[in-house]
Amino acid sequence: MNESDSMNDIALVVGGGPGISASCARLFADEGMRVAIAARNPDKPVLEKLEHTHRIRRYACDASDPAAVAALFENVTADLGTPRLVVHNIDGRVAGIFRKGITEAEPGMVLETLKNSAFSAFLVAQQAAAAMLTNAPGRNGGKGTIIFTNASAAIKGYAKSGAFAMASHAKLGLAESMARELMPEGIHIAHVPIDAAIGWTQEDGTRAHRMAGTSVDDNMADPDHIAQLYLQLHRQHRSTWAFEVVLRPWVEKW
Amino acid sequence: MNESDSMNDIALVVGGGPGISASCARLFADEGMRVAIAARNPDKPVLEKLEHTHRIRRYACDASDPAAVAALFENVTADLGTPRLVVHNIDGRVAGIFRKGITEAEPGMVLETLKNSAFSAFLVAQQAAAAMLTNAPGRNGGKGTIIFTNASAAIKGYAKSGAFAMASHAKLGLAESMARELMPEGIHIAHVPIDAAIGWTQEDGTRAHRMAGTSVDDNMADPDHIAQLYLQLHRQHRSTWAFEVVLRPWVEKW
Amino acid sequence: MNESDSMNDIALVVGGGPGISASCARLFADEGMRVAIAARNPDKPVLEKLEHTHRIRRYACDASDPAAVAALFENVTADLGTPRLVVHNIDGRVAGIFRKGITEAEPGMVLETLKNSAFSAFLVAQQAAAAMLTNAPGRNGGKGTIIFTNASAAIKGYAKSGAFAMASHAKLGLAESMARELMPEGIHIAHVPIDAAIGWTQEDGTRAHRMAGTSVDDNMADPDHIAQLYLQLHRQHRSTWAFEVVLRPWVEKW
Amino acid sequence: MNESDSMNDIALVVGGGPGISASCARLFADEGMRVAIAARNPDKPVLEKLEHTHRIRRYACDASDPAAVAALFENVTADLGTPRLVVHNIDGRVAGIFRKGITEAEPGMVLETLKNSAFSAFLVAQQAAAAMLTNAPGRNGGKGTIIFTNASAAIKGYAKSGAFAMASHAKLGLAESMARELMPEGIHIAHVPIDAAIGWTQEDGTRAHRMAGTSVDDNMADPDHIAQLYLQLHRQHRSTWAFEVVLRPWVEKW
């Protein structure tokens, strides 16, 4: 009913993991969009497979490098057309700061986390906005959708997680500022903190999780359902746009 | 894909206006649910018409009266079955306190507003929870969905709106407490502040609004799109439940 | 330096417990203010003692009764003068709903809690505002201060606490609306959620707490320190007013 | 009553402007503390004067440089002792991004803003925490106080202010994470967004403001009153610590 014209819908997912990014790419392609995915290493098996099963275009991009992000948007636009749906799906946390207390976190890693997460979100969103402002309004009245995947650290600064709290809060600040600036221009900005670990289904039917040894159960968000929310946000009519949706599993404490 | 089994879906909308309530009733019925609607005056033309066009069952109920709310749930369950989707859609603001400064608001009207809005939300949600806890999990893993329509006054206390801020905040407090208590029991609690005036489409194709003389334009939320969000919330998988979604038109200042 | 003219400062504390109310009364009197305290039962020993040690005036008042609150302000103004500092310090939770799940809470008690807490806050603040608007600006530039003591339930709706979440959220909504309306009129509105149990020092030097059997340790807020914050808020210059201060002990989890 | 032992109180203010930093330095010295102030250029007349009038020690420091911040704390500790009160008072906004739309902001300036504001806050707070953890508890029960001055952009992302929203939100995220980690260790973390322009009193009695041509009136926060809040926060008893205080002038819209 209030779907965008999927035939002309170009989606770009920045971040190339086997969880939300892969689920988004599959769902968007299944819904008729032409889909690009950008990753530091686009030759990962999970992405190669998406090319074969869903005709996803793969792009190499260090999203914390201004020139690389500009080139990405040029290439995607030349290959597929101007994106109408852009998802920034990069966690960006440098492994070395994970669960480090404030006095233990190495400054270089903290800055790296800020660059990978918040600064890359800025670079991607800046290019996405510039591109979308040239679009004509679609069936839902809007010119495009920019979605920021985020963590619950965006809305709550947890102990022993200072650098990640900084980066996640920064991403929220950017999203909120862009929402106020760009929604009246017809661009839907959405911020989606996932208050959960992500557990995805593997080829053999079992579910996997990035943290080895973690059991995957009902307390893990299923990325296929997250992708579905992103699609709903993209198709939401501009008469009733949601800026923020926090997703958490039914059993999550908050 | 992850839809509930609509054939057995019973929906109850409490509040009987021509905006969100009517849009919900129509959409839920179109999706195959059996739908009940409760209002102080169920004989309003808009509701009579819904009975003819969408086989909506109408019930008389003063939702601020404990006995009346208990009777409503008994009757709906007897007539249609245990509800799986309950929407509390009552604004409750007594006309006499509208835009009244703190020293001008008449205490009796303030208490009336609290009763109509927050207390009725408690009564409806209490009965809904008790009923849903007896349900078996549906396709999305959940036993049912309770949605509270609210105003932006739930998250921002505006000047000259003290009584309404109290009632709207109270409704949020109730919803949040219930979410923490009942989501782990399989009941999806959702709180939806609409940061906009509502403008609905009339039979002649023009759009109407409760405040006479207000122009209905892009700055008014379309209740058909709000109903669609409610349906998405109801079908959302319990792996990724959203508690709160603030909806606002693209041009709204916030 | 930026203190109000304490000689002419009239303080009214509504709520007469041995914790925050008694601490406020003592500190305000020690700072030279003339102090009134209102309670359902003003003949409690703790209040009688305050009359003798600090010349506190005691008033009987059911703060959920509009006429009683109006009479209270008339009497205090006649006896002492127009209040410049009013503290609403009523918890209002009916014992019967404590830790009751949503389906167990008795509706009558829920409404009672709303009346005792949120509605009484409205009544007191309405009278306080009307009185203070007639004051001349003091040394800090303001005409008076209204402080709402609240619980952490004002900012987080806990499970099995629906009625208290409603009442506490409502009080926040009222305070925020009044802040936006009255600060530009020169009245400082402050909202102070105490995210802690309160433990006060008894005559024998040991500390007490309302919940019998609870140990009083570092995890309990000391009401003397809370009173000190209230005094600082009252004396804060209108160039830099704080609306909300959440107080919690150093070891509290949040 | 609950004052720290000022004789042994060492305060370090990072950021050397004529507004909050100068007001803090003066007040802390007047209260008997030994005070250090760090700035990129410590030879500004306003700081030179503070040395003469209040025996403030001046230090050169680029607070976005890890080595420089480590050296600063070494030097202050050697010269004065371990700090018990550290204020991070750096705005950090690069002039070139002021009121720039998302598509106009130059990426290099955005990263610079993140470094100057959020990353420097991390560096200063990390060193402050490490130093304070070695302190014995003072009269208020705590080992020290770290205060982050911030802007309202920390809690609301304004349009055409994406980079500043990122940096300000990041600082909040850091502060909140540190509060949860360090308050139970006895270090008071406070976050103070100033929702106002700052207007300070000049030698000739007129008030000044950083934005030339802006009139300084009641809508500007007086930094002397901000400094007073910082002192109150530092002396607050650990039984009742406030994490966040938003300050705004009485006439401010929010």
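Here the chain labels run A, B, C and D in written order, and each chain numbers its own residues starting at 1.
Please note the rule applied: contacts are C-beta pairs under 8 Å (C-beta built on N, C-alpha and C of every residue); 3 or more make two chains touch, one makes a residue touch a chain.
If you're wondering where the values come from, they're calculated on a predicted model, not measured in any experiment.
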| remark: What survives as touching clusters without chain C is one piece
| note | In contact with chain A as well as chain B, sorted by label, we have none
| Turn needed to bring chain A onto chain C - CA fit, degrees, nearest 5 | 180
| chain C-chain D contact: same residues or different, taking over half shared as same? | same
| field | Whole-Å gap between the CA centroids of chain B and chain D | value | 46
| query | Can you give the whole-Å distance between the Cα centres of chain A and chain D? | reply | 34
| request: Find every residue in chain A that makes contact with two or more other chains and list them. | output: 180
| said: If every chain is a node and each touching pair gets an edge, what shape is that graph: line, ring, star, complete or other? | reply: ring
| task | Give every touching pair of chains, nothing left out. | result | A-B, A-D, B-C, C-D
| Complex contact set, residues of chain D against chain C | 1-2, 141-142, 180, 183-184, 186, 188, 194, 196, 218, 220-222, 225-226, 228-229, 232, 236-252, 254
| message | Under the definition above, what is the set of chain C residues touching chain B in their complex? | response | 66, 101-103, 105, 107-108, 110-111, 114-115, 118-119, 122-123, 125-126, 129-130, 133, 153-154, 156-163, 165-182
